[in-house]
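Pasting the structures here.
Two complexes come next, and they have one chain in common, chain A, joined by chain B in the first and chain C in the second.
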Partner chain A sequence: MTNGTITEEKNIANNSGKTVYPRHTEKIMKGNFAAAEAAKLCRSGFIPAYPITPQTTIVEELSAKVARGEMDAAYVNMDSEHSVFAAAMGAALAGERVFTATSGQGLFYAHEVLHAIAHFRLPIVICNVGRPSIPWNIWSDQSDSISQRDTGWVQIYGESSQEVLDSVIQSFIIAEELDLPVMVVLDAFYQSHTSENIWIPEQQLVDEFLPAKKSKGDEIDLESPKSIGGLVPPEHYEKFNYTYWQNINQVEELTNKVGKDFGKHFGREYKAVESFNINKNTKLVLVTMSSITTTARGVIKNHPDVGLLKLRLFKPFPKQSVLEALKELPDDAIIAPIERNFLGDNYGATIQELMRAFYNERNFKMYDFYTGLGGKDVPPLTIEKIIYKAKNNPKDVNWIDLEY
Partner chain B sequence: MEPLFEFAIKDEKVYSGALSCRGCGWSLLVRHLSSILGEDTVYVVPASCFSIIAGPFPLNELKGSIVHTVFAAAPATATGVRAALDRKGKKDATVAVLAGDGGTFDIGFQSMSGAASRGENILYVVNNNGAYMNTGIQTSTATPYGAVTTTNPGEGYKKTWPKDLMGIIAAHNIPYAATISLAHMGDAREKMKRAKETEGFRLLMIDGPCPPGHKTDPSQSISIGRLAVETKLYPLFEVEHQKYKINYFPEKFVPIDECLKPQGRFKHIFKEGNEQLIKDIQEHTDANWKRLLALEKISYEE
Partner chain C sequence: MLEIRGHARGGQGMVTAFEILAKIFSKLGDFQVQSFPAFGVERTGAPIQAFLRVAKGDILNRSNIYEPNLIVVFDETLIDMVPVFDGLKGNGSVLLNTENDASKYSEYSSSIFTIPATKISLEKGLGSKSLPIVNAAMIGAIMRVLDADIEIAKKIVAENVPSKPEANADSSFVAYENVLGIDKINRTLIESFHKTEAEALTIDIEKIMSVEKHPDENMIFPSWSQPMSLNKTGNWRVLTPSYLTKEAPCSSNCPAGTDVRGFIDLASDKKFTEAFDLIYEHNPFPSICGRVCPHFCEQNCNRNSIDDALNIGAVERFLGDKNFEREVPKAEISQKEKIAVIGAGPAGLTTALRLVEKGYETTVFEALPQAGGMMRTGIPEFRLPSNVLDKEIENIEKRGVKVILNKKVAVKELENEFDAVVTSVGSHIGSSMRIENEELSIDGIKFLQNFKLNGDAQGIKKGEEIAIIGGGNTAIDVSRTALRLGAKPVVYYRRTHNEMPAISHEVEEAVKEGVKFEFLTAPVAMKKTDDGRIEVTIVKMELGEPDDSGRRRPVPIENSEYKITVDRVIKAIGQWFDDYAFEGKEVKPEQGKIDFEANVPIFCAGDMAWGGTVTEAIGSGNKAAEEVHAYLQSLPYSHEETMPEVVLPDKINFAYYLPSPRYNGDEHFPKDLYNDFSEVVSGLGDEDIVKETSRCLHCGECFSCGNCYNYCPDSAIHIDDHGRLRIDYDYCKGCGICVQECPCSAMEFKLSEVTND
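Moving on, here comes the complex of A and B:
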């Protein structure tokens, strides 16, 4: 996260040298509460909900905000995640700004409806608190969201809970501009249940950035009745996919643009990817998502030849941004993605996506590193081990905690 | 017989060219229903015969809005539509789910129960033709005992009783639920009006004729429906907050054979040696009627 400038007032460094954001309030808050706060600040009008650990405090907090009258929204306790997403679909079809949150099995259960929402082109934004599936586990893991990568949802991963809050606001802009749903992913417990200092923007500041949802004329409208979602014959079907493809191709650029605009407006600038210490002298680049990035960021300070690439936008995969970030990196450098996801496949998802991005473009040596699955802590020592192993006779795929 | 009510459709809300089979119950049902609900209605349709009848993209058979949604969650989609309309101040518009028995008794059951329990202001209409007819006559939990389907073929005919949907939905203590027969259109229209005017979760179940699935002649759709009521296989009643009211009492005893015999799906049960099967269905039907009488009696006891 880099600090840009705010348009009217400069960010003020106080006596301790700490950045202060004008028109914000600083609060100590858990990630789930930051997510709920973001949904409120975005003036979400419909929130269907179903509880699942570790998402629960998001929907509890939203129900409380509505009950206390702090939030003008319809909050509905649904009977399942499948119904949550089907209800989200109904309200979005009728033009409402919709937010919900889920996790793990809930996201898996909603899989069918995730496809429907995406291909009905509904700009719904959700938070997913990442946890895996069977064997039963409730802790941090990205297998749930990553296994939904082919549903057509945009996926953004937040390194901090500040990023989660800020990304939800940016996601509504991206979603409503391109008619695509966006999933903002945060780490179970490391973010969802961990308190951080978070800068909460004033409502007015958010309203200036994210105006009320505009009607596009294709919503359910009693004055202009239409049939939505009927069987699409083969002569039309491909056209829908073609326009989808055109819009999904705009996501990366728009994410960078919205991230920059956000920086000007709020003082915190974002990009599809972020790079640290990647230059012509870099010998190894770690690739991370979410909170592991923070740990890796600290560790590489002791390794002048190691760089770090953080993927914030994961789906659609930000190929151009990645290539740009690695532009100066020599061809004999090593790329070592850290995979907090296991898809039942030989390679993890990050290296798969990177390989696709590099094909016909760059030819790095690439070694995959599984770690942190099912919430296992990834302390600095694990990152150190990855760095050592990547440089010393690595295997194609490495289970750093089990085979080291 | 009940006296004939006025049931001519004066304000047609269905365009010509519907894609239903000849003798299909959906067409007659939806013509009457839409003429009563009016154009300020959003119909939410899960996978069903009606999702075909309503027309492929970009057609709309109805003067009203239609949302085609996923099979298992039409009441959930309707919940979202309802909430959004309410927030726009369109509280008077009707949100109506049009589902088949598969989408109601089976895959959409939880979603329906959820919406009913939440007291969603939704009208749920289930056209119960006793099987997955749209996909080619596969068994649902609404398929009658003894019926043959493509997944209960021949001697493997269905040997379990259909789910008591009305009993289950009544147990949700909803403000209004009723059974409808297309052979009793006056009664049906009154119930449609009542359902429209009631606020909260309402359910109408229609005994849906299906010539290809029931192996009947399209010309028999109404007469077999009438026999279903006369034999008490399909009693006409309504339930208001768990209070039952029977709307039609057959004047004389008509054995179930008369209703089942014209239906090819029951052909095998009239083979020699299957007398006990007919007896079982008759006994079950009589027991259901007796239970209904008892429920009506206790509903209004002081």
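Moving on, here comes the complex of A and C:
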């Protein structure tokens, strides 16, 4: 498999050496359908929906699952993403397990409500299929989700569609344990519309891992009306932020723990970050998120001195996991993040977060690489160019194919 | 690892085919698979690619396929449009959907297979000729090229197609069996399919980067001032929109052939002279037709579907009246042949005018002391004032038509002096009722003529009761004239109001004025009473089966007779032509050249041939002149007319038009009509005419509303230097929104290739 580390004893290899996961069915499925399948397996009870390319088939498939009676959920077609997230908020306040999905402009439009959901502490899980805004474009790009990084949502990026499915299951655990919303991000087309081998766990297996949502006792109750969301005076306001801060700081550790538990239960283990070929001899580390990681893993096979750091948890930024992954890396090594995001700043989001993580901790040479924006294909040749450029007189910030 | 790249157009279903292929390969062995599309900016019809990777182990590449082992082309028209063969591995293969010989592509690959997938799919009923669904056939052919198990493929195809599972599975199998070139199967390809690892990337990065150190000076950066400049989508078009002027129902229904939409448009721009000239090309009597025509144009006006038809009659009348005093140059006589026309009615005068304009010396012989035919004798003053008629005839004479009055002639008298004779004597002989004592009745058409020419009321006195028999225009005109002479007219008609041949607004006016109607009645006998009045026996009728005219035939009801006593009976049940011109010899009057023995060709036009309205007579005259000219010059002429596409209401986008009330001229209905022969309906003034013309929907002709310009999602429509809307076919991808949103059906959308001028 292309994802995570395989826990040996749980899995059996068939005659040809291929890993087979017990209590799973292998299917050829597109990423969007894997996301919908995950929402079903998590027994999401409320799905407000509004379609947008390239997310559309997620909500279409969920609608079909509800219509076919495969899912016991209330599915509501809303008039906009702003309404979708408002409805999600209401249902979560009433104690439902809520799932929805969006993309690009849809996420931008919901921006105001994203803040509200996070700071009302509502454990909603969504999938965002990354696409940019203007210039108008429907292809793969992480600018939409990353520009929402300060709304208070946890963000997890999946490298494969298997990872998306598995991450949605893990996200409900994280969300409901800390009362925080989680956004699982997948790449437009390279994941959303790509058919690939996906192992679907059986329902019982998921139920054993993710129990039904527990009542906290403070849900909306028609028998006991109350006011929610009133004006918070200055003397109390900070206290909300303080408790939020305490919980968001637990996310990284919990992500690693849930990922490990998931591995024990399903056979596929996950962490906040994953490293490949990073050791004391490594001279260059590429930093990637989502599907570019796979291509980069293929390319570094031919480069013994190049390592790869994959960020799975992006927000809150997993500082300790990153430092741990780079523990053996010499100080004179180069860090080269690949940015499939453009936020109107000199540096892309990945290097910004890494710099903050390294401050007072490590002092690597760091060069930023923009590529793959708006769905521009990132083939092995592009990764080769980044490796070459990072080693040969790089600029502080580099645009592959546009500047030399 | 096996890498396949597919080429098709958006909408053909290739992406689905590649998904199904991924499922098939996952069942052919323990393969990891990865299939995904690369869509362009545009969708239906645009070239797209789909990719499929198949490997025994992990697929460590999530990017497009640039160096495939196998290239599959679903649509061969793409070969000249996009570089489909790019990057094919040295030992790779190509599979083309074609019925043609593929050897011309041998420079791209030494291993080319072909499959007539479109033919196979259509034979299996998959898709249509314009959009065949070749997926299953292509899958079958791919199975053959890879020497893979077709039975598994058939099963998975059947499970995964949205419809017709058996036909699809069959189509896969037929294709599997019919791949051409399979005698030279590519073993290397089949081996790569079973290999675990991808072939190592062989890139000389040093070399690439040394080239790239020199930045491309010509790199194009997009600019929002020309947002589409990087994206010429014109060649992805399947259906092509274009501006096309179509026939409007007003114009196509005018018997005279008037370009109604055209003159309305000119009038709306206050180009009253140009508008008049346009009418005059077909109709030399606009002032008259504007008043007395049943307005076939208005009857078919698409505006009837919103509120009321455009008041085309009022516009025509306005334009005619406004141009009475224009300069009329005399036409130059350039032909040697001389032509005689018998009868100075609308048909005869129109024929003569057209012939004079064509250069023939033309003389019209009129039996009566005044020209105008039925316009003069049959249409009362209150509908058509004599000075209007005088003006229009005067202008025809100014053009060079010679009119000889008081000269009743026969064809024989003219055949030596003229080279052709056109007979257009009208229908001035009233038909007989064939009942007892019919001589007690007055003939309606004669009555109108006598009154019009001589002011002879023929004895009708104030307070008299008059029975008028018939339901046509003559009956109505008689009744309204009688009313003005102080009589109490009652019209007896054997059918109902719905079947009346009279112009409906004339009937409405008659009712408003006080004419009474007795429908479903017919006289069967008359006799003189002792006090000098007339007793008429009337039988009641009912409507039976439809007759040849399509109207229901009136049938007498047995024993329903009743008697009325009136002062006078005027019959107006039909008219026939006076055969004096043919000296009583039998002749079949019909449009154009007729069979009649004479030294010169004899033609026929007007009411005696067909029709019964002024406008029909004008149309008849126009055609007769064309035929005379064609005959004399030995030019081809045909009575056959091709019916153009007419814009009917279902082609109008009514949502784009607002309701707007019709401007009508004032109607003059005084309480006492006695001796009041003044015109009933007044004309409209300049401002009202402009407002009324603005109600035109412009059926079938672009009026630059700009909907296409506003709605075009590709900004492919622009306004050219002449202010015209034009489509830039470099960018039009054929979505059809412009056609859909055109309010007046002035565009067409069809399978054709158009390029920019």
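Throughout what follows, the second predicted complex is superposed on the first by the 392 of 404 C-alpha atoms of A that agree within 3 Å, B and C clash if a C-alpha of one lies under 4 Å from a C-alpha of the other, contacts with A are read in each partner's own complex, and residues count from 1 in each chain.
Keep in mind that, in the parts below, a contact is a pair of C-beta atoms (placed from the backbone, for glycine too) under 8 Å apart; a residue touches a chain by one contact, two chains touch by 3 or more.
Please read all numbers here as calculations on a predicted model, not as lab measurements.
When both complexes are superposed on chain A, chain B and chain C fit side by side without a clash.
Using the contact criterion defined above for the overlaid structures, shared-chain residue A:Val299 touches chain C, although it does not reach chain B.
In the superposition on chain A, A:Lys389 contacts chain C only, with no contact to chain B. Contacts of A:Pro379 after superposition on the shared chain: chain C is touched, whereas chain B is not. Vertex at the C-alpha centre of chain A, arms toward the centres of chain B and chain C: the angle is 60 degrees, rounded to a multiple of 10.
In the superposed model, A:Glu70 lies in contact with neither chain B nor chain C. In the superposition on chain A, A:Asp150 makes contact with neither chain B nor chain C.
Of the two partner chains, chain C is the only one touched by A:Glu403; chain B is not.
Between chain B and chain C the least C-alpha distance in the superposed model amounts to 19 Å.
Comparing which residues of chain A touch chain B with which touch chain C, the overlap is empty.
Across the interface of their complex, chain A is touched by residues 15, 18-19, 22-23, 26, 29-30, 32-39, 56, 58-64, 66, 198, 200-201, 203, 205-206, 208-209, 212-215, 219, 222 of chain C.
Listing the residues of chain B that touch chain A in their complex gives 39-40, 42, 44, 51-52, 54-70, 72-88, 90, 93, 110-111, 113-115, 117-118. Residues 45-46, 48, 74, 76-80, 82-96, 98, 112-113, 116, 220-222, 225-233, 236 of chain A are the ones touching chain B in the complex. Against chain C, the residues of chain A that register as touching in their complex are 1-2, 14, 16, 18, 26, 28, 30, 135, 189-190, 193-197, 291-292, 294-295, 297-299, 301-302, 377-382, 384-385, 387-389, 392, 401-404.
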